[in-house]
Structures are given as structure tokens and as C-alpha cells.
Amino acid sequence: MSKIKISIAGGSGYAGGELLRLLLFHPNVEIQQVSSERHFGKFVYKIHPNLRKQSTLKFCSLSDLDDCDVLFLCLPHGASISNINVYKNKAKKIIDLSADFRLDSNEAYKKWYKKDHALPQILTDFIYGIPELRREEMKEASFVSSAGCNATATILALYPLYKNKLVQLDKTVVEVKVGSSEGGNKNSEASHHPVRSGCVRSFAPTGHRHVAEMEQELSFGEEARFHFSATSIDMVRGVLATCHVFLKDNLTEKDIWKIYRREYGNEPFIRIVKERDGNYRYPEPKLLAGTNYCDIGFELDRYSNRLVVISAIDNLMKGAAGQAVQAFNIMHGFEETTTLTFPGLHPV
Amino acid sequence: MSKIKISIAGGSGYAGGELLRLLLFHPNVEIQQVSSERHFGKFVYKIHPNLRKQSTLKFCSLSDLDDCDVLFLCLPHGASISNINVYKNKAKKIIDLSADFRLDSNEAYKKWYKKDHALPQILTDFIYGIPELRREEMKEASFVSSAGCNATATILALYPLYKNKLVQLDKTVVEVKVGSSEGGNKNSEASHHPVRSGCVRSFAPTGHRHVAEMEQELSFGEEARFHFSATSIDMVRGVLATCHVFLKDNLTEKDIWKIYRREYGNEPFIRIVKERDGNYRYPEPKLLAGTNYCDIGFELDRYSNRLVVISAIDNLMKGAAGQAVQAFNIMHGFEETTTLTFPGLHPV
Amino acid sequence: MSKIKISIAGGSGYAGGELLRLLLFHPNVEIQQVSSERHFGKFVYKIHPNLRKQSTLKFCSLSDLDDCDVLFLCLPHGASISNINVYKNKAKKIIDLSADFRLDSNEAYKKWYKKDHALPQILTDFIYGIPELRREEMKEASFVSSAGCNATATILALYPLYKNKLVQLDKTVVEVKVGSSEGGNKNSEASHHPVRSGCVRSFAPTGHRHVAEMEQELSFGEEARFHFSATSIDMVRGVLATCHVFLKDNLTEKDIWKIYRREYGNEPFIRIVKERDGNYRYPEPKLLAGTNYCDIGFELDRYSNRLVVISAIDNLMKGAAGQAVQAFNIMHGFEETTTLTFPGLHPV
Amino acid sequence: MSKIKISIAGGSGYAGGELLRLLLFHPNVEIQQVSSERHFGKFVYKIHPNLRKQSTLKFCSLSDLDDCDVLFLCLPHGASISNINVYKNKAKKIIDLSADFRLDSNEAYKKWYKKDHALPQILTDFIYGIPELRREEMKEASFVSSAGCNATATILALYPLYKNKLVQLDKTVVEVKVGSSEGGNKNSEASHHPVRSGCVRSFAPTGHRHVAEMEQELSFGEEARFHFSATSIDMVRGVLATCHVFLKDNLTEKDIWKIYRREYGNEPFIRIVKERDGNYRYPEPKLLAGTNYCDIGFELDRYSNRLVVISAIDNLMKGAAGQAVQAFNIMHGFEETTTLTFPGLHPV
């Protein structure tokens, strides 16, 4: 079978680097071009030093991108919208890793992004990029919009509960702990090492845009509310979401186990992590660095109907490039785990 | 004026080390003895290497402790109860840094510690050790029981709101991020560097005992509930508490400011940290390492009546030894900030 | 072709975990058994949590090990010597990851290990495990003894220079910076997170045993001396060796390039890293976590004949399990990079 | 006694922040003005958040500086030279924390800074700022030039050996491990957290300018050579220098002890750290964060005449602001430790 020709628009960022790392080892893929205006003409390994000796690709300009089978867009938020028709002319299939087409309606977009979407009429052309929720649609999709990293961790943590209408909809509180790579590869005062190192920084106590995705994917016809806060910690990769949900009914931990197993039992990238002893009783993001897993654990409060659901991902993998490749595999009928089998390191 | 003679029972742990660091520089204190069974006969600086060239004290045995004016107990949880009468015979004033006498009733103790308290009748002899709540009682107190570190961070964050009955009592969710020194100075598999480094570990998603202290101090005649979880991160010192409270009424951020200023405006160790820009807009525990401050910030959710209150402390200082010395100063009528003026470092 | 049956004696440590991670994905290998006395009967993923969902293997006892094709020994230093004949009866080929058979002579062993070797007569049966130096011997070998991690980093850094007799033999100074996983998976006071975190600890200013391996592999008939020191830093995986060698003759950086290219140009796991700009101009161990690479760079001092050679490895990979699998591949005629293709992560 | 009026030119950087932290608590000092062009008009605590509630000072412009008793210059390297006469008109005493006046001769300056010094004739007006070497000169000095941080750590480590002519002069190798605050408070690609975190980066294998200071202070009429390399590690504050010196004669460790005790026995900020056991047997920079100590340890190689001398400092304190205040105290006849008594934290 001939290989799928893919190109990456905006491939010098962290998600672009991960896409390259994964797709260079994908047996059904030929990487045709990778663009970067800033690093035009340089070897990709100059920017992604883990690709030394892996590839002799050089960055081209966005305007030099030829037609290809699949175009991955790793452009800054907002940049995909403005040229989406150009990209559609270059490739029949597009996987967009920005936030531009994640939401289904201009109404939701305006609420969280504080402005109208420039192309609201095509929002529904894009399938929201979490395979565990949208696998069947992805199989037929031409356009996929990757999910936000914090949204992915939270949605996967809570999906079985919300889908089964077990949750009191207005009380859920989610606190995510995130690493510095979420901020991208542009340096700033906030990312200066003496400042960012050792920090435990509340950067979004309220108002985080990824809540829009949670509301969209977890409402199931009702109106789910998410009281969300995000805290930066001294970590490069990784998200840990600590989700406090209040159940409608008395359920046992065994009941919860069954529900998660039913929803996720066959999922290749979801693991229920809940052990009685040991140092890794609950999900731990450092174990997932470089992997596409989402680990999920939970604990029921003895004194209330509160269930704490904990989930961990690598924000650049299951939260970005890994999940995009998983979608790519689904869209092409490839084994879903192709090139996504790295199990992670321990100790690390 | 003659100096107050103090001794420390159990002075080889982290809280004991901090007490020494502070009291060695207290102009009104003479450190008489410090005990440690394990390190009997060694110079204290062998165990607390920051005290090199600061002190020639050696550890004595617990049984060698002479009478003194004030005895600080830094023994393992449970050990203070069993010998409290012995200690009372040695010193008229006792400041206990363990969890043994924090709660006012056997009922609460049993609920959270899963057993009866051995000496419930003396529980009310101990003043709960947060000066901002109990200053007047402390002035007359003979016995003070230091507050838990996570409890201190949470209670100080929320006290103005609860005292003024502004909060919906059953919905508060608190997520604290804690450093490894909370676990004490005994090594374990869980504290092994390759395991503990880089971790984001849910160690108490539910059931943390410090909740008992929050219920006690913040109920104000009603029944406050705290949905609490704790996560260990790669940090040695520090607690950041992210508290989600739901207000009864519509208040503006300006209203909140006024309430906090009214309650805390004259407090020497509380700072309201809420800035429009910069890297330190909200409380940051690393800035507080070695200090007795509790920094508090907040943000009101535009879309709900949720208020996120964020507080930071050094768990060994405001969460243990520093707060104990603050209580000591109050008990003796010394300037409350005596030997507690270290402002913290930046960058760090 | 039928698969090679391998077993691992002592598979609960960090090197054992890495062997499992690698060999589970090796197309020519069947993992038959893994032993651990301490964790007998447990799933291997309970101890190596990155292997969740990767394997249903359980630990057996050392005494239960059946015959196999290749036996990997990951036992504590000293334990391989005492039972080597038992192991030889179980498997025709043995790869020992301990320090027991690294040295060629009892004399060297005694100098550095302060006692006689119990089986000096078989020392030369074992091929020293750095493929770049001993590839031809390995092809025919039955017994390979993996090299020490610090020794591997230093030897690979300096081999081209010593082999070509370019160095003043008594003046070389090597300073390695190492991570905490070098100390193994047993917790101790020294590995307690509040102590080990943030440390820059001189743990072997002199007398490090790995020097014995450097002397053995780099003397080339003369007597090379290595003035070696090791410093622990706040890192889990990784070694950075900073080697100061004094050249006999005036050479240019271009000359040095040529020499390294000649010796290492075809090596699959050696990369010369020396760039004019960027953040990764010299080898950086974090980029190598999980990989089998040894990255080497150098800089010539303008004011002396000093050449600083810098090398980086992952101590658990090129410094232990990865290099052992590389040897395994060579011993069996497999493609040398089989199951060793993970390129590492960035950012990380 | 009336207070000394001091001002700080360029007080928004890390050294300026430390000067403020120290001098705000100095009983004989009144801080008159602090300048910063970039942050003109802001409260100093906006930039130095550890000074919240400590000071209501605001930054003025450099051109607004009034006459004062002592002017501290914390300007970028090069900026002190150009306006030194302006500053001399404002204050009788100047302490310059830049590199501009560290060297005694234009020859040395040109060798290491690659250009002629603009005012070579005044170079000798400035006393080199290490009190342990230049205390007597400082007592009479009007102008002091603070020493480089890496130079301070190295010079203090080796001074007793060089002064007593015990060292083979051309063989000394020094490897320093440094934190990110050495790079100052300007963010860059190299200081971006995802890049700088976890790094072990050889940033100056050769050619570091601080070597000029070592040559100047340690030559004692002969020509000392220093083979120096510097490696950045994941730390904010701190320097650890590992110095390999080769002794001319056979000395025992006891001999070395005596020599260091003789030279440093009365020094308030030097501690010899060399213990038989424990986790802090050798100097450890993290223990020194915020302090003015230089801890020094050593180990003699059994197989050679190599002595490894290890020293640790806080680069912003003994390596910059602390040492400057120490010089200030000496220049004014104050107790040398005034406002420099913070003993450091443990654990940390």
C-alpha cells in the first residue's frame, strides 16, 4: 500500500515536534513537508533536538506547502481560521491542533473567547478530537479538531459519569495541575526559569477556555457546569486533573468500577489506576511522559456523596499530538495504536 | 529582664529544627535543652546542618529534660497524649506541635482519627494554635496546640468568609498542593527521590484529618463541610490551598476586598496578594519559604457565585514552628513578630 | 525463526525494569521468567508501573528459574559471583549487569574493590560490555558484563583520543553529574526527597570504582590515570561527564572532529553534538532519557592544550539495560538497534 | 549615630533585590533611593515580591539619584565604566557589583574581555571585593568592586593552598555547577522553563571570564593557571565548585585541615564542612540559600597527590549582594555580620 503523504503547517512548536517524533516512525506515513516561518531552511532537528540522527527534513515556508493527503495544522490559536480554505485546497483531510474549531457553535465560542467566530458555519464540519467519545464519527471524518489538553484530561475523567447521568450538574469542581510546556515554546517573563522553577502558580482560578469543551462534550442534553481552576507547577509535561463530582445516588466504589469498565474496558489508551498500596496508587503524569495514555483513578468520600476522579495525561501527547495521531489512525483504518506504543519510563 | 528558658522535646525533626533556627535568634529566649532519643549526644547541627556555627547544643534524652519555663513538644502524633502529665510537671507552659490536642471534643477526634482520645477531658485546656483566630485566648493560655499545616492554610483563607456567614456551607471544595517536608524526616519508599521527584501524587483524595480542624474552626455554630483533597508535588516546603467556595449572595471583588481587609488589616503575618499583572499575581509558596506569612488571594467567577480563594504558607513555619513561636510571643507579651522577620527570598 | 527465550534474574530493580520495557517490544524475544524474591508472586507492573497494560508477567523466585537461551543478571553487586555456575547451567549466554565481572584481573579488582575476587580465573570469560569498543568480541561471546554507567559515559567520551595516543596520560580530570536512579531503588536517608531534592552533593570526590574500568579500557598498553569526581544533582536519570584532557600536540577543533568521525562515524548510538548556537549546543542528558544514545561534544581551550570533552547518557539505558540489549542484539546477529529506537523526548 | 544614607543604581535585578532585602534590616542604614529605568515609579515590591509589606519604596530614575553616603552600582556589565565620574560625584563611597572594575590591569581585562578597558588608570582605585583576602584594604577603601560569583567560590576554596605555595600551578581543574539566577532576570530562549528545567548544560567549557579573577587573586607572584568549566543545572541559586588541585608535596588531610584553619579560623562566613557521615558531609549550596556563607570541604586522593576542594555559596549573596554588604560593614567599621545573620533553611 502506498504511504499517506502528510505535511505539518507550523511544525516548530512543541506539538509539531511531537507529531514529527511519532510520524517518523509510522509505517504508513511519509512526511512530505514541515513549515516554519521563523526557522525556514533549518533542519528540523535544530529545533527538535531529540530528532538528531532521525531525520534530514528542513523547515519550508507555509506558502511552499504542496498538496498532500493529510495536513496537520499546528498554528497559533486563530491562525487556522483565517486560512482554512487555503488548507482545504491542499489536503482532503485536515487535523487541526489549535483551538479554532473545537466548539460546535458560535454561541459557545463567543462566551469563552469573547468574540464572534469568523466562520461559524463550518464549525460543525470538524469532529471534536477525543476518540473515546467520537470514534465512529472520526472514521468518516475529513476534519478533526484536536481537543484541549486540560479538557481532554477532565472530559475523559468524567465522561462515564456524565453519560450515565450520575452527577449533580452544577456542583463539579475541577483543579488541574499543569506543566510549563502547556505555554508553548515562546519564552516570556512568566516562563523565565528563576521565576517558573519551583512555582505553584494559580494562573487561571476562573475563566479557563477549556471549560467550553467540557460543557460541550459532557452536557448530554442538560446543562453541565464546571467550576474549574488551573495551577502551574514545576513540571514540563503533564496534567493531573482532580475532579470533585457529587453523585445523585449512593453508589459504591464497586459500582463506579463497573461503570468505568463498561465505558472504557476496550479502550487501548485508557487505564483505570486505583491500587491498594504502593507509590503509584493513583494516576501520575510523570509515568505518562511520551505516551498516549490517559490514566484514571477515583476515590469515594465516606462522609458524602462526593467522588474524586483523578486523571493524568501528557499534555503534548494525549493532550495534543498523540491524540491527533490516534485520530489519524482511526480516520485511515489503521490499527489505532500505530506508532503510539511507547509505554513511558520508570523511574523518571 | 531574665530570659525565658525553653526546651524542646523531640527536636531532631523538621519542626524542631525550625524552632531551633528561630529561637536561637530570639532576644528573650534561652534554649535550655533539646531532646532526641535517636541522636542522643550529637550536636544539633549534625542533624540540622543549617545550624553549623550557630549553636553548640547537643541532643539530650527525653528523660533528661529539666524543668523549664516553656516546653515545646515536637513528638510524633500520639506521643504527647501519653506523657502529657509528665510534661506539665516540667513546665507551666506547653506548646504542642503534634495533632494530639488540636480538637476540642472526643467526638470530632473519633470521627477523624478512628479511635477515642485517651484524655478527652483535657482537650479544651489547649488553645487551638492559629493566632489570627485565637489571639485573645492565647494571651492567657498555658497550653497551645499548633494547627495542622493544611488546616492553617485553608482556615486562614476562608475565615473572613465563614465568620461573616457568606458561604453556602455544604459545597466548599479545597485542593491543597503540598511539599515533601510535610511527611517528616523519616525516609520511606514513598519519599525515595526517583519516586517522589517530579510526582503529582494524589495522596489524600478524601479523608484527610486536617478537615476536622476546618470544621471546628469555621463552623460558627452551623455545620460547615469541607470537600478536601491533597496532592503532593515536587517541592520541599510549602502549601498552596485552592479553595472553591460558593457565596450565598452576589458580592463584588471589591466587597470581598473589604471583608478581608477588615478581618486581616492589622495582622502582621497575613498579606492579601492579588495583583493585576506580573508573575506573582497570586500567592506563591516558594516566596514564603522560611517566613511566617500566609499570603491570600482570590478571584470571583464571572459566571457563578463561586469565589476561588488561594492561600500559601511554608508548612514548617506558619504551618508549624513559626506559628508556634508566634503563639509563644503572644503568650509572653513579646512583640508578635520577634524572631519572625525573615522576609523570604526572591528569586528562589 | 523461533524466538530467543530470555529470563531476568533480579528483575525488580531499575535496570530490570528497563530490560523488561525494551524486551517486551523486541520482535525476536520471548520473556520467559523474571525473578524477585521480595516481590515474588506480584505482577511486574506493580513494581514497574510503566508496564501497566503491557504485560501480565509475575515475578518468580530465583530458584524457580528454568533453563533459557539468555539469562540477564540484574542482581546486587557481589551476588552474581557467588552463583555464576548455577546460572551458567541454566543458560548458554549470560549478560551480567552488575559490577562483578567488569574487570579483567584480580589485581585491578582488589585495588578498587578492596578485596580479592572470588573467581579470578573466569574474569576474562566475560567481554566488557561497551559495543563500540568490543563489538567483534561480542559477536562470539557467551558472557558479557555490562559496563558501569559513569565508566560508559567517560570511556565513550575519551576512547578516540586515547586509542590514538593523543593524551597526556596522567593529567585527565573527569567530573560527572549524576541522577538519583544511579543509587538504585532502595530508599535511604540519602535518597529522602527533602534531602536529595535540590542537592548538589559531592558523593565521590575521589575513589569511585568506575575508574577501574576507565583504566582498563583506555590504557592501550600504557598507564592511563583518571582524576575523577562525581556529584549528585537533582535529576532522576542521566549522566553528564565533563572530561578535561590535555593533548600532547597542538590540534585544531577540526582535527578533533575528524578523529571522532573516523572512530564513531558508523556508530548507531553515538552522536557528535557540537553546535554554534541554540540551547542544545552540547550534550544534554535530559534529551536522552529512555534512549540508548551517547552524545559527545567538545571544546578546545584557546589558551592551553586542554580539550574539554562532554558526554551524556541515560544511566539506565546506555549505562545499563539499553547497552545490555545492544550487546544482546550483537551476540545474536540482530539489527543492533532492534527495540532501541526510541528517540527521546523534547521538551522534557 | 546618624544612619548611613545609601542608594542603589539599577536596583530591579536580582542582586539589587538582595541588597534591598539585606539593607532594609540594617540598623545603621537608611535606604535613600533605588533606581530602575524600566520600572520607574513602581513600588520595589512589585519587582521583588518578597519585599511585600517590607517597604514602600518606589523606583526612581538613574538621573534622579541624589547625593548619598554610599552608592551601590548594580548596573549591567559595562554601564558602570561609562558614568563612573558621575557616580563619584554623588557619593564618596561606591560599591560596584558589576564586572567593570574587578581586574587590576588593562592587560588582564583585554585578555578576557576582548577589548581595552575604557578607564584603565582607575582600575587600581577599586579594591577587589573578597573580604577574606582584602579586609585590611577595605577598611580604608572608597571604592570596592564585588567579585564574580564563580570566582568567589573558587578563590575562597583555593586561597589557603595558593597563598602557601602548595600547588602545582599549571594543573588545576575547576568545574562549577551553577543555578539559573546567575543569568540575571532577563528572560531568553535559554532560560525558558521547558528548556532550562532539568538541564545539565555545559555553557562555558572553556573561556569563562571569572578565570581572570582567579589568576589575579591566586598567582602570588607566580603564574597560576585555571582550567575551568561551568555547567548549568536545575537550580535557581547556588554555586558548587569542584576544584582539583595537585599538591607539590605529600600532605595528609590533617595537614590540610591545619592550613585551612589557620587561614580561615576566625572568618565569620567561612565554614569547613567535612564530616565522616550524614547526608551533608560536604558543602551543599541549597543549605546556603539566602546566607553569606562559603562552605568549604576537601578530600585527598589516596592514589595521587590530588586534592579535591569543594566549595559552595549562594551566588546572589556571598557571590554578590551579601559580600557587598560585608564589604560595606568593613568599610564603615560595623560588626561584619550585621544584617547577614540568616543561617539558611533546612530542609529546603
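In this document, chain identifiers A, B, C and D correspond to the written order of the chains, with residue numbering beginning at 1 in each.
The criterion applied here is as follows: contacts are C-beta pairs under 8 Å (C-beta built on N, C-alpha and C of every residue); 3 or more make two chains touch, one makes a residue touch a chain.
Since the structure is predicted, the reported quantities are computational estimates derived from the model, not experimental observations.
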{"item": "Same-site or different-site touching of subunit A by its copy subunit D, using the half cut", "value": "same"}
{"item": "Between the pairs B-C and C-D, the one where more C-beta pairs touch", "value": "C-D"}
{"item": "Most distant chain from subunit B, judged by the mean position of its C-alpha atoms", "value": "C"}
{"item": "Separation of mean Cα positions, subunit D and subunit B [Å, integer]", "value": "36"}
{"item": "Averaged-CA centre spacing for the pair subunit C and subunit B, given as whole angstrom", "value": "46"}
{"item": "For subunit C paired with subunit D, centre-to-centre distance based on mean C-alpha positions, whole Å", "value": "39"}
{"item": "Touching two or more other chains - residue numbers and ranges from subunit B", "value": "14, 181, 185, 189, 192, 194, 198, 234, 236, 284, 347-348"}
{"item": "Contact footprint of subunit A on subunit B as seen in their complex", "value": "171, 173, 175, 177, 189-190, 192, 194-195, 198-202, 205-207, 225, 227, 229, 231, 233-235, 238, 240, 242, 244, 279, 281-286, 297-302, 304, 306, 308, 310, 312, 347-348"}
{"item": "Contact footprint of subunit D on subunit B as seen in their complex", "value": "14, 17, 21, 24-25, 46, 48-54, 181, 185, 236-237, 271, 273, 275, 278, 280, 284, 287, 289-290, 295, 341-348"}
{"item": "Contacting residues of subunit B [partner subunit C, same complex]", "value": "14, 179-181, 185-189, 191-194, 196-198, 234, 236"}
